[in-house]
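In order of appearance the chains are A, B, C and D, and numbering begins at 1 in each one.
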Amino acid sequence: MTPTGFLSQLLQLVIALLLAPLLLGWVNQCRGWLQNKSAPPLLLPYRTIRKLFHKDAVIAENASPIFRTMPYIIFGAMALAAAIVPSLATDLPFAQAADAIALVGLFALARVFIALAAMDIGTAFGSMGARREMFVGFLAEPALLMVLFTASLISGSTSLPTIVDTLAHREIAIYPSLAFAGVAFTMVSLAENARIPIDNPATHLELTMIHEAMILEYSARHLALIEWASALKLFNYSCIGLALFLPFGIAQGSDDWLAILGATPVLVAKLAVGGFALALIETFSAKVRIFRAPEFLGTAFLLAVLGMLVNLLLGS
Amino acid sequence: MAHTIAGLPLWAQLINLLAAVLLLLAFAMLAQRRVLSLINLFAAQGLALACSTAIVAFATAQPHLYWSAGLTLVLKVALLPWLLHHLIRKLDVRWDVEGLINIPTTMLIGIVLVVFSFNLAVPISQLANTVTRSTLGIATASVMLSFLMMITRRKAIPQVIGFLSMENGLFFAATSATYGMPMVVELGIALDVLVGMLILGVFFFQIREQFDSLDLKHLEKLKEESHL
Amino acid sequence: MLIGSTLGGHGGSWLLLAPINPDRASYSPIIVLLVIFAVVALTIQVVHRQYHGRKRLGPAWDCGYPLQTARMQDTAEGFGQPIRQVFEAFFHVERVLPSPFDATPEYRMKVEDHFWRWLYLPVVRSTEAVARLIGLIQQGRISVYLTYSFFTLLALLFFIR
Amino acid sequence: MLFVLGLPIAGALVLAAIGHRTQAAAVNVAVCFATLLAAALLTVRVISEGPMLVLDRLFFVDSFNVFLVALTAFVGFTTAIFSSPYMRIEHEHGRLTAGRLRLYHSMFQLFNFTMLLALLTNNMGILWVAMEAATLTTVLLVSLYRTPASLEAAWKYFILCGVGIAQALFGTILLYFAAEKLLGAGGGALLWTELNGVKNQLEPTVLSLAFVFLLVGYGTKVGLVPLHNWLPDAHAEGPTPVSAVLSGLLLNVALYAVVRCKVLVDGSLNTSFAKGLMMGFGLLSVVVAAFLLSRQKDIKRLFAYSSIEHMGIITFAFGMGGPIANFAGLLHMTVHSLTKSAIFFAVGHAAQKTGTQLMDDIRGLITTRPAIGWGLILGTLAILGMPPFGVFASEFLILTTAIHDQPWATPLLLLALGVAFAAVFSKVQPMVFGETTAKRLPYRPAMAPVFVHLAIVLMLGLWIPPVLADWYRQAAKLIG
């Protein structure tokens, strides 16, 4: 682990932490525009987080330490994921600590903790949210893994940097399998990030909420961390998607940290487009009933498997 | 048997004769219904065995086979039959022996077994360099016949006699076909037979004490139950 | 050869769990653990320094629903309910639901998977049948046992002849 | 080496003289301990000096039998420890008179002697004599209670094994018949080392015939199906220490005899004749025993059938041959013997304390007697081949070799192992964890042997000492 490598690693992490709420704000703003509402300001998420940090935390009397440490843990898990995902540079020191499969495991870890914390107080909403969250995760994870397998079949590796290297620096080829995988990945990301059509981040409607139901009991700095972690999660998923399907402009190697700074505008541009697409999807679709989720995610799974089959059939 | 009898020395002819006697006695035991006659037949078989062992000892000049012959004489002609007679008197079990299969069928099976044994022994006999090699087939046959007898008998004592007569056949194979095993082994075998017999004697009393009979049908309790 | 080589023996450091080589797939539990711990510790420090660590304890909010008893806790059955409902087609479910007017409401459910009925039960039954058949050989009579031995011998002798 | 053999026989005489007194059990343990020490010394000598022949080649030690000698002495010792309180309680309950106790102790030593003799002798004839003597001593041990059932079991044991062993004698005679031409008449022609030297020249026809008789003969003692019928009865009706040594030692030694014969036959025939026979018998035993397991009600019968199953596995392994399968077979012999005797110790205590051997009547051992409960459940898991116990390692090796060498046999083996697992576990689990109304029982069981055995089995599953592994490897090469 060279000092420059470490520095680059740190740089990517800091950029990810800073950019994440921006992406969330951008998506919300786009959605506002598309739906003909007065759009919330771009920097609203930063202000929300800052405001929450200043407040006094209110915690239920029967909360256990799990409840209080959970925000930090999921924040830590998401930060680590942000360090691993090759959003700006490929050959970062931490990248080898977890390949794509381990990364899915990392997300699952965060999910388990958030579900545990939701059930910790013992309220009806928390439990309901937890059970729904696990339900969605249970359906989404196989599909996500299938997507990753499809991508890794092309490069013969489950390590994200290797995948990116292979895809970005080979002669340009059209992989039909990646088209299937891309659609599937988008669907999974929507589900995992509590977006429409599986969940609606903007409401607290009792019967439909999933993510919000789990964090009802949180306030102040804890809630701030959770919000930030959610934004990071969205950022991570977007970066995985970009790395898999639009792997251009990512700096190669970790020695030159200036290259990382150079890669940042490219990333921001790609994220802007991606965020807009996300808002577009959310505008044109409607929230489905929770028991429609299997159909939605089943389709994603099917597409991913199809992509894999296509890949096996046509060769890469 | 592929070779002619006339070309053999007298002692070898004698052994062949005794072998035939042994086989005949085995058949007789298979057919015998009365337990006392069975013991007498067993004693006669022992005598034939002792004689043949002595003849082999004489012919091949192996002194340890005299020991073996003497041991057989004492053990199988005198001691064991006496023990069995004593047991029968003490236990008062003079009844006739009932077989599980009727005698003619048993005899038929016996004939088949003898043919099979001879057939089995032919290729081996031809390899041997002892003149009395053909006796191996007879020994095999008498072992098989004794086995059959053990299967078909219902009472404990005839079964044991079958067991002992099987040992006779084995001894015969050891002494006649191979001119005797090493002495250590023979002593060990004799000791085992004797001890086994004593244990059996003790056993008979206990079985009788527990079941009031020596009929083996009382000894059929330990089995898999037919219902689960 | 008997025990097999350990994982991570392929060029990587002991930190790394790489079955084939780090370019193909890798996982380092120690780094993952340490980094998460570091970030958690750092975040706690920073948050508490930068802002404050004030907190108040109060009753659970629960969307303003005040009554809570231990009986309202989620059960394992409730927790698995969505998954069960989705996969209902794959199971054999018998459910008795109470109506709102029952004086003594009763809820009972029995979930059996089809594998149990169509795969395991036949296996169990056939195993039992085979066991019953094989049990017949152990039927207690010594002559029969001797016959087994006898025929084994004869068959083998016949076989080698 | 002579101490190894001399001590048990001296012990037998001493115990026959003083057997009914209270210190007899202690003397029994002491003699076993001395035997173990002698065996350990012998082992050390073999480690430092390699294989040896003594007393005019009458006895010999090589890598194949040295660990079996150590194992036999060890299991004999632990069984003596176990039997000391066990038999005392049986005596106090009035199931045994003082005279029987004397008989038990002296026969136990005599049995130990015959086992060691069978292992150490170089002479196939003496091997036979030792096996026969082992039968006779154990017949007395099995019928120790003099109940109708135990008499019946002993009678069947005696007759079936007597007949079997007679066939083994016939096989030995045939062996001599074949060897005498090459080695000359007299003692030399039955010495295994000599036979092994000339095995290529032995007459194949005679040897194949001899092997059939030897296999059927010693196979009866091993408990190979369909010659096994005496085994469950004898195990179930004898006193528990006897069941432990029957399963732990006698079966092993009988199998040892079969394998010694197989080496000669393989050398002579150069075909897969012996291999095929042993695999066939082994597989048949495994399958039949596995299915019979599910029908058992008596706990000792259950584990007796489990012994048949495991002997089948070992026979199959030796039948397959090759360095790995033989290695696994030897390892399995060791761990099975240790585990099974440990189980019988636990079962013995359980049955003694609850006063029944019926599994339906034994419940909740974990609450009434935690040590016994744990011993039984751990032993059961070990014998069923759960990792990390040694049985898993050996079964794993056997199965993988089978997949490679004899793919057709693997499904049968797996089926049998699965059925056996289901049968045994479903019966033992409620015995250990089931609901019970019984109160905690007052006796202190002698559980040290159980846990020592299981600890060794566990160790062998995780790490085989290099010396032992080396022996296994050498012996595996010897067996071929």
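Points worth noting:
Everything below uses one rule, namely that contacts are C-beta pairs under 8 Å (C-beta built on N, C-alpha and C of every residue); 3 or more make two chains touch, one makes a residue touch a chain.
Predicted model, so just to flag it, every value in this text is computed and none were measured.
The interface with the greater number of C-beta contacts, when A-C is set against C-D, is A-C.
Farthest from chain C in terms of Cα centroid separation is B.
Note on chain placement: the centre of chain A and the centre of chain C lie 28 Å apart, centres being C-alpha means. Centres computed as Cα averages put chain A at a distance of 62 Å from chain D.
Each chain gets one centre point, the mean of its Cα atoms, and the points for chain C and chain D are 37 Å apart.
Taking the mean of the C-alpha atoms as each chain's centre, chain B and chain D sit 30 Å apart. Across the assembly, chain C contributes residues 128, 132, 135, 138, 142, 146, 153, 157 that each touch 2 or more other chains.
Shared interface positions of chain D, defined as residues touching 2 or more other chains, are 155-156, 159, 163, 167, 209, 232, 292, 295. According to the touch criterion at the top of this document, the contacting chain pairs are A-C, B-C, B-D, C-D.
Listed in rising order, the residues of chain B touching chain D in the complex are 62, 120, 123-124, 127-129, 136, 140, 143, 147, 150, 156, 159, 163, 166-167, 170, 173-174, 177-185, 188-189, 191-192, 195-196, 199-200, 203, 206-207, 210-211, 218-222, 224-225, 228. Residues 2, 127-128, 130-132, 134-135, 137-138, 142, 145-146, 148-149, 152-153, 156-157, 160 of chain C are the ones touching chain D in the complex. Remark: chain B residues 100, 116, 119-120, 147-148, 150-154, 159, 216-217, 219-226, 228 touch chain C in the complex. Those residues of chain D that touch chain B in the complex are listed here as 123, 125-126, 128-129, 132-133, 136, 139-140, 143, 146-149, 151-156, 158-159, 162-163, 166-167, 169-170, 173-174, 176-177, 180-181, 185-187, 189-190, 203, 205-206, 209, 232-233, 236-237, 292, 295, 297. Across the interface of their complex, chain B is touched by residues 128, 132, 135-136, 138-143, 146-147, 150, 153-154, 157-158, 161 of chain C.
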